[in-house]
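Shared between the two complexes below is chain A, which has chain B as its partner in the first and chain C in the second.
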Partner chain A sequence: MKIYEWINERVDISSIKKIALKKRVPIFYGTIWYYLGGVSLFLFMIQVFTGILLVLYYQPGAETAYESVKFIISRVEFGWLIREVHSWSANLFILFVFFHMFTVFFAKAYRKPREMTWISGMILLLLSLGFGFSGYLLPWNELAYFATKVGSDIAGAIPIIGDFALRLLRSGDEVSGATLTRFYGIHTALLPGIFTVMLGLHLILVQVQGMSVPPEIEKIPEKERKSIPFFPDFALQDAMAWLIVLNIIALLAVFFPWELGPKADPLASAPAGIRPEWYFMFMFQTLKYIPAHVLFIEGELFGILLFSIGGFIWFMVPFLDKKAHEGIRTPFWTWFGILLIIYMIVFTAWGYLT
Partner chain B sequence: MSQTKRSEVKKERRSFLNTLLKTGLVAWVASVIYPVARFLIPPKMAKLNVSSIEVGLISDFPKSSSKIVRFGRKPIIVIRKESGDFKALEATCTHLDCNVQFKSETEQIWCACHNGLYDIEGKNISGPPPKPLAQFKVDIAREKIIVSQMDLS
Partner chain C sequence: MIKRSYWLLIGLLFSFSTLIADSTLKKDACVSCHIEVDEENDDEDKIVSYYKSDLHVKLGFSCADCHGGDPEAYDDEDEAMWENDTFIGVIEKEEQLEVCGKCHSNPVFMRQYSTDIKVDQVTQYLTSGHGIALENGNENVAVCSSCHGVHGILPVDDPRAPVYAKNIPKTCSKCHSDETVMFESGLPTNQFTEYEMSVHGMALLDRGDIGAPACNDCHGNHGASPPYVSNVDQICGTCHSNNKDLFQKSHLNDIFLSKGLGQCEACHGNHDIAKPTDEFLNWADESTCKPCHEDSHPAKALALSFYQTIDSLKTGLEHARKMVEKAEHKGMIVSNLLFDLDDAKKALIHTRTNIHSFNKAFVDTGAAPGFQSIQAAIIGAKESLEEVEYRKKGLFIFSLIITFFVIAIGFKINEWKKQRESASN
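Right, the complex of A and B next:
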């Protein structure tokens, strides 16, 4: 308390305290959705923490990367734990971000005035996938090597700037040690920097605009709606959710370790059963079934076109779904979301089963 | 000088200074961005101009076997068919750049990444590959297998 007074005498922080104490969380059937963003935030903090620890031992480079990861998991005390937590937390992070995104979508929380929150969230999603893609290469194992070859080759198929994008990503014409150094820089410096700024903006918007409720709840007069204070009630519930997630990660890390696999070899054939990370699986599976040529364009380009258009529509939902601003649910957007989820689940399952 | 004229001169001077400032700003931003953008593009590596390589002795290759070797910077796959003949093809799939593998049971070339299939001559026969694999010439001289660039003529 003394410290608080000391600071408050010099800089007025009582206003921040006032805002924090005023914050309330609506209570209704969807209150549980409010945990999802918080859990994503918690998982990101775990990533930063374990990531910094891993950087202390990891050595980028074609001759050292795989060996240093092996060293971390076999020689460094609790190195295996830190690496497993980093891998598991990364995967859960993407999963929770997806959950968070879809609940926001179906609650129509992107409607006016929260368009910017949706856009900043979308940028955070893209950055997260960038984290996943760049981090996947760092152990320099066989799977990572081919996944990066494929991923960067897709970038190379973009019209006009493709060649430039490919060389920019690979730091040369082939995936090599130079690519690894570049991905390391992207994963540990470039992305964390941009992500932190974006995340700050995202969180400020949420604080300034308050929690959104679905249109149906909003129609209820404000006096009849139930809510609880954020401090301390909801913050404690949040903390409990975080604790449960941390325990799940610990269990997964101990009982389901991620295989390191064989070291990357540019002269080996891609092994049978090769697949990307699960969150790229639905796209991977789609690419498999696009024929070599669709009409007059190459299948590869057709796939890029398809996903770019789809992604762009999803990005722009707050501006396309105009009825949402009046609190009206249009069947078109509801079905758009449902079909998208079905498509993602079916293609992911199909990819794993075949 | 009348009052209006003076303010006009002032306005002109202001817009002139504004233009100067804006141009300066653009020039400054460009002079920062240009070197950074150039820095990001890796320097061109000297092309390894390889015209032919030796991949081993015939005895290194049992019938129906294959080996991926480096030809310059690119990997190529050297196959000995069931019939005993040799075949050399580019080893990276024309779809998304994965390294292919030789399937001895069917004498086909398969890419595990997206299930692309080529026949033994490198022609794409099913799956997503849009083009056949590039061909290389195989010569045998005194039991040695020599793979070289196809004559373009």
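Right, the complex of A and C next:
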């Protein structure tokens, strides 16, 4: 308390305290959804913490990356735990970000005045996928190498800027040690920098605008709506969820460790069963089964166009779903979300089963 | 108009290319007549059809280069063949050495095709079983064409050639498995049947491993002859050099020679060499020592000691491998232990080779690093498995602490809730 007073005498932080204490969390059937954003934030914090520890030993470079990861796992005290937690929390982070995004979508939380929160969230999702793609290559193992090769090939198929994008990603014509160094820079400096700014904006918006409720709940008079204070009740409930997630990560790290596999060999032929990370699988599977030519467009290019248009529509949902601002649920957007989830699940499962 | 010219041009180009392709054959009077003869003949008797794929033709040789005659006498059969002094016609067996040797024994001539080409085929042939028999007037022997074919001779590295590594056993067996052909020489005819079932035969014929020896690798090519007893180890030693060296230094080498036993052959056989197993040493039915040694002979103890050493290495290696795999399946990094397993496997292979020294101390010394590697792998795997257990215990304690905090927070939240409810009441 003395520290608070000491700071408050010098910088007025009582207004922040007021906002925090004033903030309430609505209680209704969907309160559980509010945990998803918090858990995603917690997983990101784990990423930062374990990532910093890994950087202390990791050495980027075609000749050193694999060896240093092996060293971390086998020789560094608790190195295996840090690497496992980093890998597992990365995957869970993407999973929770997806959950968070869809619950926000179905709760129509993107409606006025929260359009910017949605846009900042979407940018955070894209950055998270960038984290996943760049981090996947860093152990420099066989699977990561060829998956990155395939992934960056797709970038090369983009019209006009394809060649430039490919060379920008790979730092040359082929995936090499230079690509690894570039991905390391992107993963540990560029993305964290942008992500932190965007996350700050996202959190400020959430705090300033308060918790959104679905249109049906909003129609209930405010006095009749149940709620609990964010501090300390919901914050402690959040802490409970975080602890449970932390325990799940520890469990996964011990019982389902990530295999390092053989070292990447650029001269070797690609092994069978090359797959991207699970969150790219639905796109990978779609591209695999698009015919070589669709009308006059090349199949791969058609796929990229399809994803770009789809992604743009999803990005712009707050501006396209105009009825949502009036608190009306339009079946079109509900079905759009449901079909998108079905498509993603089916194609991901198909990719793993075939 | 442009379209018509386009098709005309394509037509001309096509006709021109066809003309070029056949020009080498049509300029030859022998070919132009024998094409017609071929049409009347069965497949096997066709000459020009096979001739097209012949290596010599591709290098620019004509029929007349071997058979004589005038290839430019297009309209006169007599001038082309019968009345021409150089005409040989069908080349008989005894003439083949001279006809083929005319070029193949001429180093200056052959050098234009390859700088390291061999020119000793005829000389070698004359020292072979086939050559000696031919010199003695026996025409029932293989000559150049018996193995290389007549028209349509292919290079030795062409998989279709009868002398391509994989085809050699079949080529030799054409005569050597034929009782009628072999009757006069009194040679057995079961070599191919035995070879087919042997470790070498299966490697070459079934798996297509052209590194595996065919008939010529042991008997020679042009100088083909049965190896002498004293040569057997040299022949096998071409590939199995360590085994040869060890055996030559062993006390058994002289004993085998004095008794007229082929060194390797006495235990492993010749055409029917089976894949050796460790049971050869187990003094049981499969033992290769028993046919010569009584049970009371010290060879029994020696063979059994070898067997035990190899068996201990084998079972130790298997045990270590299973432990390492177990640790690997539990997510541990075992790459260093895999090196130990590799070292142990190498030691096992060396030990199997070392038994050809018939020296217990030497075999035991060679096997020792293998046992050390096995021990290192087992210790490493045990440590890894202990680490797994340690992690599980750590997880258990961590989970207990987390559960405690979760319950504590739950109680606290409940307490506040009750406090608020009582305050509002």
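The working rule: the second predicted complex is superposed on the first by the 354 of 354 C-alpha atoms of A that agree within 3 Å, B and C clash if a C-alpha of one lies under 4 Å from a C-alpha of the other, contacts with A are read in each partner's own complex, and residues count from 1 in each chain.
FYI, a residue touches a chain if its C-beta (ideal position, glycine included) is under 8 Å from a C-beta of that chain, and two chains touch if they have at least 3 such contacts.
Just so it is clear, the structure is predicted and the values come from calculations on it, not from any experiment.
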Which superposed partner A:Met198 touches (first chain B, second chain C, both, neither): neither
Of chain C and chain B, partner touching more chain A residues: B
Contacts of A:Ala239 with chain B and chain C, given as first, second, both or neither: second
Touching partner for A:Val254 - first (chain B), second (chain C), both, neither: second
Contacts of A:Ile304 with chain B and chain C, given as first, second, both or neither: neither
Chain B versus chain C as contact partner of A:Ser74, first or second or both or neither: second
Contacts of A:Leu143 with chain B and chain C, given as first, second, both or neither: neither
Touch list for chain B against partner chain A, complex: 40-42, 45, 68-70, 73, 75, 91, 95-101, 111-115, 124, 127-130
Touching residues on chain A, where the partner in the complex is chain C: 70, 73-74, 81, 232-233, 236-237, 239-240, 243-244, 246-247, 250-251, 254, 256-260
Touching residues (chain side chain A, partner chain B) in the complex: 146, 149-150, 152-154, 164, 167-168, 171-174, 178, 266-274, 284, 287-288, 290-293, 298-300
Residue numbers on chain C that touch chain A, as the complex places them: 330-331, 333, 335-336, 391-392, 394-395, 398-399, 402-403, 405-406, 409-410, 412-413, 416-417
